[in-house]
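In the two complexes that follow, chain A is the common piece, with chain B as its partner first and chain C second.
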Partner chain A sequence: MSNTDYTLEYSKKPLPGKVFTIGIILTVIGIALLAIAYSVDYVRASFNIILLFSFVASISLCSIFLIALEYLAGAVWSVPFRRITEFLASLVLILPILALPVLLDLHTPFHWTHLEAIESDPILAGKRPYLNETFFVVRFIVIFILMSLFYWIFTSRSQKQDLSKDQKFTTQNIKFSAIFMLFFAVSMTIIALDWLMSLEPHWYSTIFGVYYFSGSVLAALAVVTLFSVILNEAGYLPKGITEDHYYSLGALMFAFSNFWAYIAFSQFMLIWYANLPEETFWYIQRGEGSWLYVSIGLIFVRFIIPYALLVSQTSKKNPRRLKFVSIWVLAAHFYDLYWLIAPNYSKDNAIFGWIELGVIILATGLIIVVFNLAAKNRNLIPIGDPKLKRAMEFRL
Partner chain B sequence: MAVDYTQEAPVIEGNYSFRDISDIISKPMETIPDKKYFIALGISLSMFGVGILCWILTFVYGVGKWGNNVPVGWGFDITNFVFWIGIGHAGTLISAILFLFRQRWRTGIARFAEAMTIFAVINAALFPLFHVGRPWLGYWLFPYPNNYKLWVNFTSPLLWDVFAVSTYFIVSLIFWYIGLIPDFASLRERTKNKIKKVIYSIFSLGWRFSHRHWHNYEMIYLILAGFATPLVLSVHTIVSFDFAVSIIPGWHTTIFPPYFVAGAVFSGFAMVQNVLIFIRKIFNMEDIITIDTLEKMNKIIIVTGTMVGYAYGMEFFIAWYSGNPPEQFAFLNRAFGDYAWAYWIMVTCNVVFPQLFWIRKIRRNIIIMFIIGVIVNIGMWFERFVIVVTSLSRDFLPSSWDYFKPTLVDIGILLGSFGFFFTLIILFTKTLPVVSIAEVKAVLKQAQPSHHGEAQNG
Partner chain C sequence: MDKKLFCLAAIFDKVDDITKAAKKVAESEYKFFDVHTPYPVHGLSQKMKLKPSTLGYIALILGLSGAALALLLMYYTKTLNYPQNIGGKPTFALPAFIPITFEVTVLLASVGTVLAMLFIYFKFPNNSHPLHGTEYMDKVSLDKFGLIIEAKDPQFDEFKVKEFLGSLNPEVIMPIYYDPEDLNFKAEIFHPKFMLLLGVVIVLTAGISYILLNKWKQIPPRNWMWEQPRLNVQSSSSFFSDGFGMRTPVPGTVSRGNFPYVYSGLPDTMAKNLINPVLMNEYHLKKGKEHYNTFCSPCHGYFGKGDSRLNNQFPNPPSLHSDKLRNWTDGQIYHVITVGQNIMPSYASQLEPIERWQIVNYIRALQRALNAREEDLNE
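Moving on to the complex of A and B:
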């Protein structure tokens, strides 16, 4: 291995139009399904919009997080994949569209908006300074503006660097990354609390923000891994990305699977052990009827199976395995969010039908469409990044 | 400043041969300690002596010598226990987790951090042992077939602590020792003293630097690192369970496990940074334990410090949000009650001061970073004090509310624990290599496969 011979051979190839078309079709089908859902089962549809929103928010915000993490940690191996992460981060820009149906009608999914219920409920009345419609919308807008701003800061500098190869952009982005992390931590927490935890306004858990974060990072990593492996195998990325690069993606997914399990276990264990009725009812509800099987299934789907699939070193390097695990992990994140949200509209038994399927179709379509739009006219790797040469030579 | 991102920053500064590295690291063990060493040892031994005296008083008269009262059944003892366990955490984080993340800057500091872990855990284990009241029956904590036909209380997190801490101690010790084997072999080859040679030979287990040895060594090191990683997280998680599984307001909150782990790493890094500042100066290791390394440690301190700050904020917010009056009272009482002074010491030391590390100059200034490190450890000690004492002193029955005041014995034991810790560290620096000789050699320029320069001597 030598550190002088490598020269980057990269010329931009446009992504195949076929994929974009598929994305458009999926999006249209998804929108149609949800539109029908709104007319057939209004309540269930509005909860499903929250499912869609929290799923896409996970991927977009945590993609920005992964970009910032690379800058802060000085990571080298991930540089060839950063553009892919940046494209996925652009999903942040469509968040208001996804949130709009819910923001227009907070009354249906959120019990705390029911003024008549609050009157007879001093606990909910006490939460009013935080849980009220205006503040909810304001929080969302502020988070959206902040996150879009950071998205723009990181990606615009990264783009400029493609042309100028100026190292100062890296230095600037490192500084912004540190500031971003503070806003990100608060934003993720607020989204988790507002959009997921407050669906059951009596319930509370201090770890909930971390819980949503742990699963969301996994989802973002999974999409990045999936797209990276597919694009590399199809020859869209320059030659030289090896299993050593894949290994790090796999290792991170493995680490965050364990992290999620740790956080989920901490939350469950402490609530189960202390056995306080004001906390346990949330888990009890998820043990009713067929929800019990969904809850037990979550342990396997989200932790045990990904753990087994990724535990060996060879599996973390195997592109086929990685593709499979990424899709699995994404599905598992959806499963997790469904488990958080759906018991609020289907209390007795778990239901899964064409409406939930519509969310999956729409989310898939949106990811493909937005990725394609973002990737248009842009290089698929950050060719001006000063760390790129080292990154291509990265070996374990 | 201009950083060149196209080049990897070297871990070790300066131009050293393999021989130079062996010389620098072995020197403290091959020279007779000077006067300053004995003064330092004398001071820490005196502190330790005070501690022993107070332990004896506790042993003879019982825990009544402490300030613990009803309802504050946990006072300095548990505070100190959690504090020292926390100090130990940085060791495994640096040696195992940073190893798994392939962070090569850990090389210069891993050995010392691991040693510190072991000393801190021994230190910590003493407190619950004495806290049980009859330390001579401490072995009752282990489940073994006995003629009383009694089992230990498996449902108590205090018992899980016994298992977690003892497992952690054993694995840390093995991990530390495995890393030392190649260094023992180096020392064996260097020494001319016959007694030392015998000792080093025994501990080096016949290490001959063969390829096969290195191959096995790297494999076992990786496995142990993988094993130690969940273990280190589990230890402080279980320590947090001591509090969080209960229903005491201010203790029962779901963020405790990750929050305790972050806090432990936070204080542990501050302690490692503090002691290394002296070691690198006294033993001329400034090129091995570089300013860059210290800066990276300071970055970890600010990250974990901010995580701890997030947990404080979250606890406070959710206490209000929960609408649960005892919960709300517990937090207001922390911030504005009898122990408000301790609470605000904790917040200033843990959340406010570490923020100075945002400034690069401060991250690289030895004196200021030392002071901030000390402040962090004061803050983290008070964090445990605030958690333990404020919640207990205001329990569910207002008629039994009481104020906890430490006695001289409490303070003596705290002082003694620092004396014990520093005594072990001071002895360690002269008996074993404080930096791994083998690992530092592996990160030198000439050890890299891409190195094409002249072969160097040594």
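Moving on to the complex of A and C:
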């Protein structure tokens, strides 16, 4: 496109150690807070571990999804950010550690594990073939192995390409992406059903998997955008990333916040309209006491405010606005998951305290630490990717 | 020279060249220039120093009015004019209205914006432009980028412009002339041929819709709902063994809202226990007066004095203002209306229980009006 041929000038700069230290400190504080929480309020702590798990799982799994999406769609503009997405995807490796406290004691957060309740409850007894402890753990392990496998497939090929600059790795990854999408769709649904929907085992919504997915992609995009803008502004990425790239990131975030609203409204309207007691009680529970204000706030925090912040063309090109919206969207994703999980623990009123704050601190710390560890000996952009030159010259 | 010059055009090969050229032209003294590209180039309008398009505001206004229109229509029809209970939902059921509101918003905004663009920017119904059908247009709608400077520019001088365009390093520079036919052509919206076409289209659309909806849809076995097989009242039927079309209800059936009168045939003293359920207020008195004037006044007279309008063709009933009747309970009057007395027939088949009670109230008011007490004057 351009008259002057673009030559990539990239030399690996190590990330500042200060950030890593901050990440370590946040992680330690978070772990300490949650450890204290376990001794002070055991039940509330175990619900918060589910909150932490679903938050980190959504970012890690949907990061792999974004990688696969780039390969499948043949996207060019997003190539400079793919390595950042890959580093975030490595969060998938710590998922078992986060899930362990819950897997060791499924009895506390999950009502369907209470055998004495199942005896007098034909609905729970009917769900027993799916909702039982062994199968739950098996499902988690299978999903973890599958997702880690695909993470390894995508990233190892991407790494090898840095050295050999061979196009065959891209073609291979495109094929694996197609297979991955099938497993991803099932895995994401199962995680949403197992970890979030089964907290209220009598309730069901067939759109719930998509609901969790829509918010999760948005969260993963937000982290990618945030890290990309920060790293680019600090000069860690090579020159050539323009506001056209920013615009594309912002436009995707904008699109997915609309998608979330569409799915969330579809779920609400169908349940509201059918008005079946076995479905509506879930929403009624979230309309009681101060939960009503949390529920109404969700519409604004998750949809209307990001929509207003991103609607104009200039705002999607503005790095300051993008950073702000990314953090906002992440907070909104946390808010959303809190809204899904917490009413099962505190039925009458919304509670937010140092335990929930500990989850936020630990999640932030974990993302920073894992990102730093993953980025340690790797290039911040895929320098061997055949699409990179075109990507850097990308104009809308 | 009989050809009139429209503009001088320059053609570029690369998108970067056109953006640079557009920037230079925008900074020059020429004001009447335009750029044509085969696909939308972001940032070009800023380089050309164009004012932001007003189309966005038109779309916003149309979208908002679409939302308002849809909500108002649903509010008026479903909440104000003809409220219906659908599954126990509120008559203003916002969640159910949102999809429709969204659709109308999008519809009005998109269709309206396209129409606004045609009328404001393309000056519809004028659909000719000097660039149409030129070699230049063929190129810039394929893979080249073009820039024109129009001859109507006050600074326009053919040689200077040619020199200026040459300094931008284009592939080709070419003059574009007006098509002489286009110059004399004037688009008319009320052109007879166009109006004829419009008329034919309207007649055809209406005719086809009429035939489809009223004739085609009624070809058997399809027909209107009222043409379904049914039994008319009081007609015979070969279906039932007794030959009656109407069925007698199962013994002991009570129709909804009609509780059988239990005091009929019993002495009126029993009816004394009946309690008037209807309040003595303006509404019920008004209704009572209506029913009294319809059913009772022919014999009892408008004021209950027994002065029948039938003019002694019929035995006159006694006055309703006798001491005996004034001392009756409401229940006793109700009983007489329900089962009748002496020559007076029962009105149970003509008046609903509540209407009988309303008449009782009205009779009480008439009695009070003729026998006013001292304290009534205080009003």
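The criterion applied here is as follows: the second predicted complex is superposed on the first by the 393 of 396 C-alpha atoms of A that agree within 3 Å, B and C clash if a C-alpha of one lies under 4 Å from a C-alpha of the other, contacts with A are read in each partner's own complex, and residues count from 1 in each chain.
FYI, a contact is a pair of C-beta atoms (placed from the backbone, for glycine too) under 8 Å apart; a residue touches a chain by one contact, two chains touch by 3 or more.
Remember, it's a predicted structure, so these values are computed and weren't measured experimentally.
In this superposed model built on chain A, chain B and chain C take up the same space, so to speak, and clash. Contacts of A:D244 after superposition: chain C is touched, whereas chain B is not reached.
Once the two complexes are laid over each other on the shared chain, residue contacts for A:I263 go to chain B alone; chain C is not touched. Judged by the touch definition given at the top, the superposed model places A:L396 against both chain B and chain C. Of the two partners, chain B and chain C, it is B that touches more residues of chain A.
In the superposition on chain A, A:Y273 makes contact with both chain B and chain C.
After superposition on chain A, the stretch of chain C whose C-alpha atoms clash with chain B is 220-228, while the remaining options among 40-48, 148-156 or 220-228 stay clear. On chain A, the patch touched by chain B and the patch touched by chain C overlap at residues 1-3, 269, 273, 275, 396.
Across the complex, chain A is touched by residues 2-8, 102, 230, 233, 237, 241, 244-247, 252-258, 306, 310-311, 314-315, 318, 321-324, 358, 449-450 of chain B.
Residue ranges on chain A touching chain C, taken from their complex, read 1-3, 244, 247, 265, 268-269, 272-273, 275, 395-396.
Taken together, the chain C residues at the contact with chain A in this complex read 14-17, 41-43, 87-89, 95-96, 98-99. Residues of chain A that touch chain B in their complex: 1-3, 76, 122-124, 126-127, 130, 167, 170-171, 178, 182, 185, 189, 202, 204-210, 258, 262-263, 266-267, 269-271, 273-276, 278, 385-387, 389-390, 396.
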